[in-house]
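Structures follow.
Two complexes are shown next, each including subunit A; its partner changes from subunit B in the first to subunit C in the second.
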Partner chain A sequence: MKWWLGRKYNKTDVMWAFVMIAPNLLGLMFFYMWPVIQTFYFSFTEWGDFGKYHWAGLSNYETMLHDPDVWHTLRNTLLYTFLSVPISIALSIVVATLLNQKIKFVYVYRTLYFLPVVTMPAAVAMVWKWLFNSDYGLLNQLLHKLSIDGPMWLTDPMVAPFAVILVGVWSSIGYNMVIFLAGLQGISKSYYEAADLDGAGFIRKFWTITLPILSPTVFFASLISIINAFQVFDLIWMMIGDKNISLDTTQSLVYFFYEQAFVLNNEGYAAAVAMLLFALIMIVTIIQMKLQNKWVHYE
Partner chain B sequence: MKKWTGLSALLLLFSMTLSACSSGSTSSDATTSSTSSTEKVTLTYGMWDKNYQPAMEKIIDTFEQSHPNISVNIQLTPWDQYWNKLNVAATGDSLPDVFWMNGPNALKYISNDILMPLDDLTQKGDIQVSNFPSGLIDLYKYNNSQYGIPFEMSTIGLWYNKTLFKNANVAVPDDTWDWDKVKEAAAKLTNKDKGIWGIGAQQKNQQGYYDTILQAGGYIISPDKKKSGYDLPASIEGLEYWTDFIKAGDSPTAAQMSQTDPVKLFESGKLAMLYDGSWAVGEYANNDYTKANVNVAKLPKGKEDTQVIHGAANVISAKTAHPQQAQQFLTYLSSKEANEIFASFGSGIPAFNGTQSAWVKSVPEFNLQVFIDAAANAKPYPVSKDTAAWLALEDEYFTKAWYGQMSVTDAAKEVASKMNDILAKE
Partner chain C sequence: MTSKMNAARIVIHVILIIGAVAMVFPFLWMVLTSLKTMEEATRVPIVFFPAQPVWANYSGVLQLLPFFEFFVNTVLVASAKVIGQLAFCSLAAYAFAKIDFPGKHLLFVLSLAVLMVPGQVYMLPQFLIMRDLHWLNTLKALIVPGLFSAFGMFMLRQFFMSLPNELAEAAKIDGCNQFKIYWRIMLPLTVPGLMAVAIFTMLASWNDLMWPLIVNSSPDKMTLAVGLSLLQGQFTTNFPVLMAGSVMATIPMLIIFIFFQRYFVEGISMTGSK
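Our next item is the complex of A and B:
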């Protein structure tokens, strides 16, 4: 382990290795690690106009404890995360499995499913906002054809969170699908051949071969997806926005952070909110790491 | 194990390369340092609107001809970044010598001693404040000192669709219109079968409830900036003017308007009337449908005949290295000649009284004179040091009122009490 003390590595090699990774390492330190440390520090300060700030001790954290907005945006964020991630993972596995078969135009389908990933979230949100429009939107027009009265997708506070989740799932399937496809391609054919000899069907093979061998990939994908879902912001900001009654039930923690930091100029308080999110993501990630022994099979 | 670590490592590497690329191109914008020569001085002039740049360049050209020892460089920062950049520049003492300011931000800059008082200029008579609408001048006045001179202005008018009025046999709005006339016309113009509403009761402040609150005899913020006026019965009346249209079914609901911008509804002939600003002239003139079918009338009066006015101003940094030259430049920017050049470009309404005729003629289809006439009785756009804090309150509570989830009275009282807390801390 202690490679820097041992003789296993040649000193010049080590030096050159550092030189090679220096651009990334320095960039990472400067643009990622240093801001994290600064944010931690700023979460104990209160800001006035023009960058004047002073030490405020734990007051930001105290305010946070008693701020109902923090708790309801946190609840919205958790709802979004724990609904959208399982749905997205499950659908991605299904889609990846289907697109791993020998079917015609498989590359066309793969590209189509991946397209949302390379589309700007703002553009995605704009298009969905049109689709969701309760008077003129395509979605309700279709429902109307089926004699169903479509809901007010974005302006009914009970429906809007699910509309946001729908779009979130739609735009994340492509990314997860590619990861699962890579995982699926790594499964040796001999397992399936053996299963075929034993007379196992498609579903049986999926549950007893594909899923267990794919579990490290599932673990990785859910880790990344949860981290991303906790930071949901642009979809809500673009689709719901300020003067919409549904903002109450959809506003995420990052949205709240954005408002505090960039609209109200409460930089110190915003930093504390960011630390809460940081801690939350860390805890959930640690729990996942601990739990992986129970269900993740490494070959 | 191997498979996904390999993939993730690759992804990570890729993203790091990307971030390294983007971080490599750190900004190296060469800010013009002042020239070494003591005679020739270079000023920087900060602004946010690209559309106004050609007019400003022309004004600077004429200024440089009459002041050969001063040259002016424009520093254009798009609106989205302007205030962040200005905030950082003010913190780091690197502000442009002369720059644009707006109402909601003015008091914050003035009270932190970032702007130079212009009393020397206004008292000596180099700049006559009486040449500008008083509502605009007051926006940039603090403790009886003048800190900014407006160069443009925006006022509100009643935009209406001539064709829809004609189809419904309703006389088009004129100077005599008041609230009752609007209500009456809105009811007649609404045609549910055709999906046409009489008016779009938007939840907007400047082109909406600020105007009607003032017209009802209320106010948004007291002149000493210490008290919110939202809980006054007159202010509540000014807010209910709007929600009543929704209740009566003569306006789209708040939910409909947050999904489809009322401006778009107006542009597609679904709304007969809309309160909108002078800034919308370009939008309606460039749209073939609105150019042919809409016009604008004077804002209908309530108990009082007034509205809010806003306009950006030129200000000088308190820490400029060339105070004298900056004052000369600002004096020229506030002259009749400069305002006439500005008007000739048609991009905005100049603030100098009597220089606006070129702008009025820019779109002959619309009766633009109403925007100029509105300035005389207009009151300043309401601001305090921390305007942003109570603007957020307006959005939060009035959204509930517009959606009918809270009575207007309760929402207004809630905003008033929280706004008073904010003002007490200023």
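Our next item is the complex of A and C:
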């Protein structure tokens, strides 16, 4: 039986439903869904002057395979993601656990830890760039007091990726902390009371009760964080920029995409890079979903 | 037992305070630097406080760049997006949550798919649309694509789903149509959800750098984030002025955050728990 015969719909309700979803749905189709299809198509084209393009088959993907820049940006993006996300998640679990104890000023702490999340990344990058300044920056001046010669934080290609990661972690702790606090508040007190009777200490309770029950939240938070980290752009654009010799070890996939699409006018190539990013995010999401059964405990 | 617990509390506070200092110090340093002279800012050994606050750094920013215009543009763009998303997303969210209609599941999954796609995948065609509409270097380019959102719709749908259907029965018997039920009965009950969506949209719009960078290059149509990057380009080493600009660009959002903190936290916890 056809679906429209199988169910009775109220005609006026259906009419209203379509009127109500139309604006958002048409907007999403025109500005988001159709462009995704277009980008997919563009990734098989080559662009010339004046926005003219022609079919180029798989050539963009082939170029990508042999382009050392793509491999560097891929390496940088993966390094940034898989270093900053675990550190940020671990630290924010610690902070959330501490805030979940019966202590005073929880509200104040939460506000302070959350501040970096609401601050414009462009401004965050400027302040850190200043803190990292190798001659007059606060960090190196303090290190100097301890008789340590501070590194060239942003202009030493070996150090710069880690400086960017530090800022990435700093600005994401607050967000994850709020997610974990919500998760922790959902844990029933009775588990802890039972553990208290057994004489379990703080650390033991954390490993045997808190972390297992929190694991679905950890799973969700890491997935979101990884997806965000894959798209890092603002920090690198503002802190490093294209005149810095560290660009080679710091530029991310999205930075590379931006340069190709909007500075160098290699639109077809940029589209292929965007598809690569898309594929990466899909792969990580699928892997996470599969691994989920191994370490996530649902009550 | 109690002294042991007190000791534990002190340890917890010490750890939290160290962390909090690390979180807040960059802001403090930003403000302190913005009030120093160039000489004070770059003196070795370091000086923490300016001998005399130099407000001229702030007027310096205002003289060198149309910062006030950036501010107005940023506010306009953010407000327009908030209003558009609240209207369009809540309408669609209500229909998806409370009305039975053919093709509902398919259309919902289709819009959710947008959430999975990283922004860069649709950015280039979006730029071409803006160019073809002759919207580059206008506020329209910043506003219009952001009037629609899969995220906002998804969040509000969760809110509508949590409202019992019985609320609408009486109104239905009285002959109210779905729009009236949405407008008079359901919408007023989702105010916390609307606030959360408004706050998220506002924040994302205020802080966004990449899209404004791509579509608007003329200074009178720029937003604060792009303005900051312009400032950095012009005054690479004038740290006090750069910091003054950063303070001015971030303060409005920080104030909004302090007043509406509850909604930030609720919104994030909500996305996290479902």
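Odds and ends about this structure:
One rule holds in what follows: the second predicted complex is superposed on the first by the 269 of 299 C-alpha atoms of A that agree within 3 Å, B and C clash if a C-alpha of one lies under 4 Å from a C-alpha of the other, contacts with A are read in each partner's own complex, and residues count from 1 in each chain.
Here, a contact is a pair of C-beta atoms (placed from the backbone, for glycine too) under 8 Å apart; a residue touches a chain by one contact, two chains touch by 3 or more.
Just so it is clear, the structure is predicted and the values come from calculations on it, not from any experiment.
Legend: residue contacts after superposition of the two complexes on their common chain; A:I245 is shown touching subunit B, with no touch to subunit C. By the document's definition of touching, of the two partners only subunit C reaches A:G174; subunit B does not. Ranked by how many residues of subunit A each touches, subunit B and subunit C are led by C. When the two complexes are overlaid on their common chain A, residue A:Y136 makes contact with subunit B and with subunit C alike. Within the superposed three-chain model, A:E267 lies in touch with subunit C and out of touch with subunit B [touch as defined at top]. When the two structures are aligned on the shared chain, A:A182 is found in touch with subunit B and with subunit C. When both complexes are overlaid on chain A, the residue A:F31 reaches subunit B and subunit C alike. Shared-chain residue A:L154: touches subunit B; no touch with subunit C. Annotation: subunit A residues 23-24, 27-28, 30-31, 51, 133, 135-136, 179, 182-183, 186, 217, 220 touch subunit B in one complex and subunit C in the other.
Partner subunit A is touched in their complex by these residues of subunit C: 8-9, 12-13, 15-16, 19-20, 22-24, 26-27, 29-30, 33, 41-46, 87-89, 91-92, 94-96, 99-102, 104, 107, 110-111, 113-114, 116-129, 144-145, 147-150, 153, 177-179, 182, 203, 206-207, 209-210, 213-214, 224-226, 228-229, 232, 239, 242-243, 245-246, 249-250, 253-254, 256-258, 261, 264-265, 268-269, 271-273. Contacts from subunit A toward subunit C in the complex involve residues 3-4, 7, 9-10, 12-14, 16-21, 23-25, 27-28, 30-36, 38-39, 42, 51, 91, 94-95, 98-99, 101, 103, 105, 109-116, 118-124, 126-128, 130-131, 133, 135-136, 138, 141-142, 144-145, 170, 173-175, 178-179, 181-183, 186, 202, 217, 220-221, 227, 230-231, 233-234, 237-238, 254, 257-258, 261-262, 267, 270-271, 273-275, 277-278, 281-282, 285. Those residues of subunit B that touch subunit A in the complex are listed here as 1, 3-4, 7-8, 16-17, 19-20, 23-24, 87-88, 90-91, 108, 112, 114, 203, 254-256, 258-260, 388-389, 392, 395, 399-400, 402-403, 405. Of all residues in subunit A, those touching subunit B in their complex are 23-24, 27-28, 30-31, 49-51, 129, 132-136, 152, 154-156, 179, 182-183, 186, 216-217, 220, 241-245, 247, 259, 263-265, 298-299.
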